[in-house]
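Presented below is the structure to which this report refers.
In order of appearance the chains are A, B and C, and numbering begins at 1 in each one.
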Amino acid sequence: MKTKHVIDLESLSIEELMEIIELANEIMKDPGEYSDVCRGKILATLFYEPSTRTQMSFKTAMLRLGGSIIGFDNPQNSSVSKGESLKDTITVVGGYADIIAIRHSLEGAAKAASLYSAAPVINAGDGGHLHPTQTLTDVVTLYNEKGTLDNMTIGLCGDLKNGRTVHSLIKTMSHFKGNRFVLISTPELTVPQYIKDIMNASGCRYTEVRSLAEAIPELDVLYMTRIQRERFKNYEEYEKQKGVFVLDREKMRLARHDMKILHPLPRVDEIAEDVDYDDRAKYLIQTVYGMYARMALIMKMLENADRKPMPRQFDTHNVRCSNPNCISYTEEYLPRIFHPLGGDMLLCKYCEARNLI
Amino acid sequence: MKTKHVIDLESLSIEELMEIIELANEIMKDPGEYSDVCRGKILATLFYEPSTRTQMSFKTAMLRLGGSIIGFDNPQNSSVSKGESLKDTITVVGGYADIIAIRHSLEGAAKAASLYSAAPVINAGDGGHLHPTQTLTDVVTLYNEKGTLDNMTIGLCGDLKNGRTVHSLIKTMSHFKGNRFVLISTPELTVPQYIKDIMNASGCRYTEVRSLAEAIPELDVLYMTRIQRERFKNYEEYEKQKGVFVLDREKMRLARHDMKILHPLPRVDEIAEDVDYDDRAKYLIQTVYGMYARMALIMKMLENADRKPMPRQFDTHNVRCSNPNCISYTEEYLPRIFHPLGGDMLLCKYCEARNLI
Amino acid sequence: MKTKHVIDLESLSIEELMEIIELANEIMKDPGEYSDVCRGKILATLFYEPSTRTQMSFKTAMLRLGGSIIGFDNPQNSSVSKGESLKDTITVVGGYADIIAIRHSLEGAAKAASLYSAAPVINAGDGGHLHPTQTLTDVVTLYNEKGTLDNMTIGLCGDLKNGRTVHSLIKTMSHFKGNRFVLISTPELTVPQYIKDIMNASGCRYTEVRSLAEAIPELDVLYMTRIQRERFKNYEEYEKQKGVFVLDREKMRLARHDMKILHPLPRVDEIAEDVDYDDRAKYLIQTVYGMYARMALIMKMLENADRKPMPRQFDTHNVRCSNPNCISYTEEYLPRIFHPLGGDMLLCKYCEARNLI
């Protein structure tokens, strides 16, 4: 694998992505063969924001490869991040560990970490921005449960406006041929325009609908997510609408026999508990695919990892990203790096916010 | 070992219990022989309620068998248990780990976990209900320090009403022949009637006394526990009584030369610090026996562990357990499962509370 | 190594210290050779006070030797230290682990732990008192970056009054020949008299200066530390003085080409971020030397470790140490042990406070 850091799944080529998926499947067939491949290697899980599930998945993956773990999960109670820059922490930990998984509440934090780390960096979630190993989990699940990544009708249900896993899954599945998306949400919570642009650019068809029951009969895959109560216009709207986006046994009767249900978890009440016993429910076993996906990713990233940190000179701008949730807004020493988008528009390389000069 | 989950030590046969005790002794003789038997295996320690001592004992046991650890110890600061059911967490972790040790503040939580876990579950304490590995520790200590589990006069001192380790030890030792119990407490803190029923049913003699000094000369074993200040009727009673249940050098002078002192720890002031230097004090070394006991238990449970989760269909009642500390009271999706006790009485299979229909 | 517990670096002989430094260098040359030497061994990191950085360094060291880890980092949220004496915790953990690293907010806590631990104890910081593995890190860094430990002009800048790492480094470097110290601080924050006594006794020259810019040209080594704002006499003084003790590119222009900069980290703003790109900056790589230093220390301590706890009889005084930050002040069962200093003066063996009888 040529890519050193995995900040965004989009930065991998389709070949690299397929290599990881296929390695995940190889490991799944015979895990014992891989139980020693990372012997002597250390994964640092730097969780600036607690996410016990994601952290356990990374730890399990590394331990099942024979490696070991350092890190933290509770920085507000710890001494890291009190009066130490992300840069210093990453430089130090990049000297201790062979690979780093970082979770942070600020957008672009994993990108910023990758500038200073001698060890390869995996983005384990940066605010509402990206969470590439969740999408990798989704894709490995689809590949195994459907046998293909092409020519599927993929329903996505819930909060499609704010759901980073939804956006990322659409982006990734748009690279495969013949996929069609059915977007199931309230009018207020539909996908952002830039996601529509991506579907259009890749030639993927999509439809927007307002009812799960109407959409479900034609789906090969249903990707469920939660709509938080506070996303509805008001309480009346919430009371009126909530059942429309809940998957239950009744709606399952309308679905195909080979439709598969995915969910990034945690599930609250958007999938009724008794759907768990339906053979089409794959959202719990999905986490096991996620473990294998992370095992494959870690193996591939360690394979050719150099230990060179980034170049010291950056082409730094005099403007500063205006997104208050961007890591470069808080950690002021960070180089101000942008992609020019044409005209007066700059795309922040940390958080991907658009800035007008 | 045929029993898959160890929720209650009572669910093991005496043969299974003796197998574990004897394996613990084998490991103790030559720990190096066992340092690799769990290589590649993962223990998840899911501590919904912090208990650093118990968690360290489990972790040490697994590490000394060559295995590794995932888990959490601080869920209120973590994202687990925030808006995720015990069922979902256990299903996911049961996919990551080979064996699970769960600690929870609600009664019956380990039983509930065992319904959904593909991996074997060990109860590491569920509220005031059960704590089988503590009792296993006590029994391994007795077996080593006394050379037998039969024909002993066992004193139990302190809060015998609320002490789950006291109840559990009496239940277990009642299965062995010729044991006699001397119950040393205030009149308010004597053992519950159902424990007396068990001793009577098994033909074990017992006496209830009010003074440690009077009881101590005839004891083979003294099991000390703490009486919390708030358990006394009032402050005057506390001041008057407290010394009566404290073990000190003076009382030790009245004890046999081969009497052994046990304590589940932590000790506060119910055993004076200078008793530690008496050769009969076994409450500190007891924790080392506990480590070997847990090593043996983990080995035995992993030996024949299948990966089949429980059947999906439960014989669920329309009544709900009325114990507000029962896990089934909080996690409402749980099947309502009871043992009929005859008449209108049902025994909750989670918390063992009696319910009148 | 004959010394069992490492509470104070001063308790090692120079031969023992050099053995550790040389082993650290051996490991650094070929870490793969050492990746299994502690297989099956357990390090307990008992952090009664959180220090994520130090704890990660110890954990990494043990894992890179093939060992494993138990412990805690957050006792206020845990059940340890709630109603359990340090003695009981240490006795229990000393039965679980092969070696213990303890961090505590009270002075003398590591010494107290060593009285009861069957396993060797490393002091990972006891309040403002000692932090020997930081000094070991500093010395390993110097030995590698300068090629010698003799005949250097060593500048120490910042809060020299309260900085325990400064005091410890001066003490250690005074044992090597020909070293000279340049002490750079405000008049209020100069080194204590007993440190001057040590330099005088060992025949080391020292000068006290008030400006980093003036001192820097003659230095072989610059050891930077932070002056906390509240250490200045008042806010005006802080505003006036703060720049004087900040290292920036401008001051670096005055320094020798082979001067090396060290810092115990975390750095706040006493070293400007762009100094990081100067080849003379060694404060970040210093943490990697620290990892090798701890690997060497752990190896040496485990080599000949007996499992005998301390003798049970102590020569206990009837006076009590008057330092309220001393562990013996809080944990009252501890033996009251002192070195007689002559006259009516006693030196507390825990915290090294002087007590007048």
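Everything below uses one rule, namely that a contact is a pair of C-beta atoms (placed from the backbone, for glycine too) under 8 Å apart; a residue touches a chain by one contact, two chains touch by 3 or more.
As the structure is a computational prediction, the values presented were derived from the model and not from experiment.
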C-alpha-based rotation, chain B on chain C, 0 to 180 degrees, nearest 5:
120
Interface residue overlap between copies chain A and chain C, same or different (over half shared):
different
Calculate how many whole Å lie between the centre of chain A and the centre of chain C, each centre taken as the average of the chain's C-alpha atoms.
42
Among chain C residues, those touching two or more other chains are 68, 74, 77
What part of chain B is in contact with chain A in the complex they form?
40, 42, 44, 68, 70-72, 74-75, 77-80, 83-85, 87-88, 91-93, 95-97, 312, 333
Under the definition above, what is the set of chain A residues touching chain B in their complex?
32, 35, 50-53, 56-57, 59-60, 63-64, 66, 68, 73-74, 77, 265-268, 273, 277, 284-285, 287-288, 291
